[in-house]
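Heads up, the next two complexes both have chain A, just with different partners, chain B and then chain C.
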Partner chain A sequence: MSSSGKSPWLLHYNASSCNGCDIEILAALTPLYDVERFGIINTGNPAHADIFVVTGSVNEQNKEVLKNLYDQIPEPKVVVAVGICASSGGVFRDCYNVSGGVDTIIPVDVYVPGCSVRPEALIEGVVKAIGVLEQKRAVLDSRGSL
Partner chain B sequence: MTGRRTVVPFGPQHPVLPEPIHLDLVIEDEHVVEAVPSIGYVHRGLESLVDRREYADFVYLAERICGICSFTHSSTFCQGVEGLMSIEIPERANYLRTMWGEYSRIHSHLLWLGLFADSLGFESLFYNAWKIRESILNELEATTGGRVIQGVCKVGGVRRDVTNEFLSGMDKRLEGIESDIQEMVNVFLNDYTLKKRLVGKGILKPDDAYNLGAVGPVARGSGLCMDVRTSEYLAYQDIGFKPVTADGCDGYARCEVRCKELFQSVDIIHKVIAAMPDGDVAVSVKGNPDGEYFSRSEQPRGEVIHYLRGNGTKYLTQFRVRTPTLTNVPSLIAMLAGTELADVPQIVLTIDPCIGCMER
Partner chain C sequence: MNLILAITGAVLFLILAPLLGGLIAGVDRVLTARMQSRRGPPVLQPFYDISKLWHKERAFANPVEMIFTTGYLVLIAFSGALLFSGGDLLLVVFTLALAHTFLILAAYAANAPYSTVGAERELIGVMVAEPILILLAAGFFMITGSFFVSDILKETVPAIIYLPGVFLALFAVLTLKLRKSPFDIATSHHAHQELVKGVTASLSGRTLAKVEIAHWYETILILALMFLFFAGNPVLGIIVVVICYFLEILMDNLFPRVTWKMTVKSLWIATILLGVINIAVIGVVGGVIG
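Moving on, here comes the complex of A and B:
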């Protein structure tokens, strides 16, 4: 396992979430759940991130921001859609300014259901994402592009 | 000496912001001359869904306007529909709503204090605030079933009752939580570095606060005594209420107001539990809303207004929400003018921006 597989850094972006999932992401980092003890850090810089955690559905204005952030994360990268809004649009699916889940804009690897997600579910999702990250790294490795 | 003007973009994705808002900061040397906000990154347009969801079902959407003030939104919406249909909800439901509302205020203020500490570089203080917050969330989860989205309000009352034994247990546990909070608040209010970074930064004069329509702790930090809880709704009329204010008009004053409100909320919960009436927690609801109604409540961030209009069918014809963060943005712009670039993140946080609410 590579170093980023042991301690992946997260980039969190709130696409158009109600905040519920966002505060649970932060709760997962803070003392009760404390994923930082595994070296998982919430970074503000896309260039440092391995896992892209997106909450909320996509709308016209944040489409470009989301794409930009995704492009700035170096390969290999994994996208985790957190919450039902990020997965499919959720209860806001019918709103005029919601164009659907995050996967309408960028490829998503792991979906974490829930409204709002529980920190346990989120941690499970990130653990799955680490597996995907390792697979992607192995593929890049075999091509000699790392 | 004046330098050339440059524009520094701040957001929408920024380390201190859990949510996206964008500011174009026009700076001259290191001083902010003007801040131009642009919003719309989180806009969903959920108010329009009101004509496709029945009024009783819309409570779950109203609750999801914002994940931090979720309880206040659901209770304000229910209060509005009950007002439209002239429903008297049982006293016990009123008291339970007050209690949960105050628990969510403590959770929201602790969350903010944590994020604020983080923006100032106090990481263990951030963790400490969020550790205390978990014990509040435990109480919310034990009584409502949800940590951040409770789903416990419904038109006509509340969905769950809490036994009196459990209530007295909550009362006791709250004392422990209060002493934890006391210890933490001492750092916020007395630490030398924190004071250096907050006192005199982000000034909002009382007149400006009034004219720009500031609400909540932003207004109260500028000495304005404005709090919807002084009007008579929920159980506040029975237990008495006096708003917390501070006269500093700066970042420190706004922090002070929120710190003191933590103890005030603890106090209110003690009183509510002591005076909790017995009886049912919900009444059955028949008929459809007709007419229009303004429903007001005090959210952790300030006054929220839900406007509802019905036409006698099960679908409301109009729903509009005025949220505290949106009303506080003009004050934020006034605060930012003349500050140093390095202070911008903290000053933005002192209004406790909740973009989910603001844009809906």
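Moving on, here comes the complex of A and C:
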């Protein structure tokens, strides 16, 4: 595994989640799961992030915010949709103000279903995202665009 | 001969300081994790981070950041090289202040809210740390009659005997210099920043990597300044520096919510009570020592 895979920094954004998945994300940072073992840091800053973790379905109010955050993350970047709402819109998908899952606004690389997700599933999803991140970096490197 | 020694010192610092600084940062993160009952990242994690950042897309809020962060890195490295070549302590302190000015300019250049607040608080940090560093230079001059590190190192009696107050004041400012506190500016790797890292909020990729490497240089520089107090006794010096760094990590984990206002108050009190009184006493009894 090359260096980008050893140091994935996360940006977590709550689109319109009920906070269930968000609490599980925070649980993954606690001593029990300790994701810093993998060099993962929760940055809270798009400029520093590699992996964009989004929870909740996207609604008309925040789709611009989501797009904006995505655009601010420098390449290579990977998006992980956490929870069933982020993956497909979940039970809210037919609501008048809901656009649907995260993939209706930005490209999603890894889907982690669950309501709410279990920290183990979440960590597995992020580890899968690290693999995608590696591939993207290799492609960008071969094009000489980094 | 002296020139060769000076150049060797500077070159060794320029090459080894980032390696040692990065390693210290790694050990720091592991120790912090253990204190929080976590396993923590690998010891080499800071190097993986830098390597990752180096291979990110070059995105700027303002392209001038590139010049300012390079200036910050070069000046910090220059300041440390001066110290390790036995140069003038005053010049070391002033170059360090200039380096931080570049970092502050980089943060202002982004023209973003978090960066701007971060830059303002970094300015306050410089305001708090500089008096102690200048007192340190003055203190060494009063007991050795020279600002040159090469002369200070020749002293057989460790300066700590005359300058315990200044040393403690420097220890107090270490928490700020290592970017552990205050938490509403700290750019450390802890998950407890308030300003999404303030000064570096808008920096990404290589510019962020440069700031990180500059920080490693600065860590070694500040630890070397602490070591100067034990110039006559290097073994004791290294032991004290290691203990001080460990205490710093412990304090950071015990008091993770120190705000900038508290930092200003406590460090100014420490500077005045410990540093200024120490220098005043040396000044009064100066005849005895000289």
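Observations, loosely collected:
In this section, the second predicted complex is superposed on the first by the 144 of 146 C-alpha atoms of A that agree within 3 Å, B and C clash if a C-alpha of one lies under 4 Å from a C-alpha of the other, contacts with A are read in each partner's own complex, and residues count from 1 in each chain.
Definition applied: a residue touches a chain if its C-beta (ideal position, glycine included) is under 8 Å from a C-beta of that chain, and two chains touch if they have at least 3 such contacts.
Only a predicted model underlies this, so the values are computations on that prediction, with no experimental measurement involved.
In the superposition on chain A, contact of A:14 is made with chain B only, not with chain C. Shared-chain residue A:31: touches chain B and chain C both.
Of the two partner chains, chain B and chain C are each touched by A:44.
In the superposition on chain A, A:87 makes contact with neither chain B nor chain C. Of the two partner chains, chain B is the only one touched by A:59; chain C is not. Looking at chain A, you'll find residues 31, 43-45 touch chain B in one structure and chain C in the other.
Taken in their complex, chain C has these residues touching chain A: 29, 33, 36-42, 45, 48-49, 51-53, 55-59, 61, 189, 191, 193, 196-197, 200-205, 208. Remark: chain A residues 3-4, 6-7, 29, 31, 34, 36-39, 41-45, 47-48, 50, 72, 74-76, 137, 140-141, 145-146 touch chain C in the complex.
Considering their complex, residues 12-16, 18-20, 40-46, 48-49, 52, 60-61, 64-68, 70, 111, 114-115, 126-127, 130-131, 133-134, 137, 147-149, 354-357, 359 of chain B touch chain A.
Interface residues of chain A, counted against chain B in their complex, comprise 12-24, 26-27, 30-32, 43-46, 56-57, 59, 61-62, 65, 69, 91-92, 94-98, 115-116, 118.
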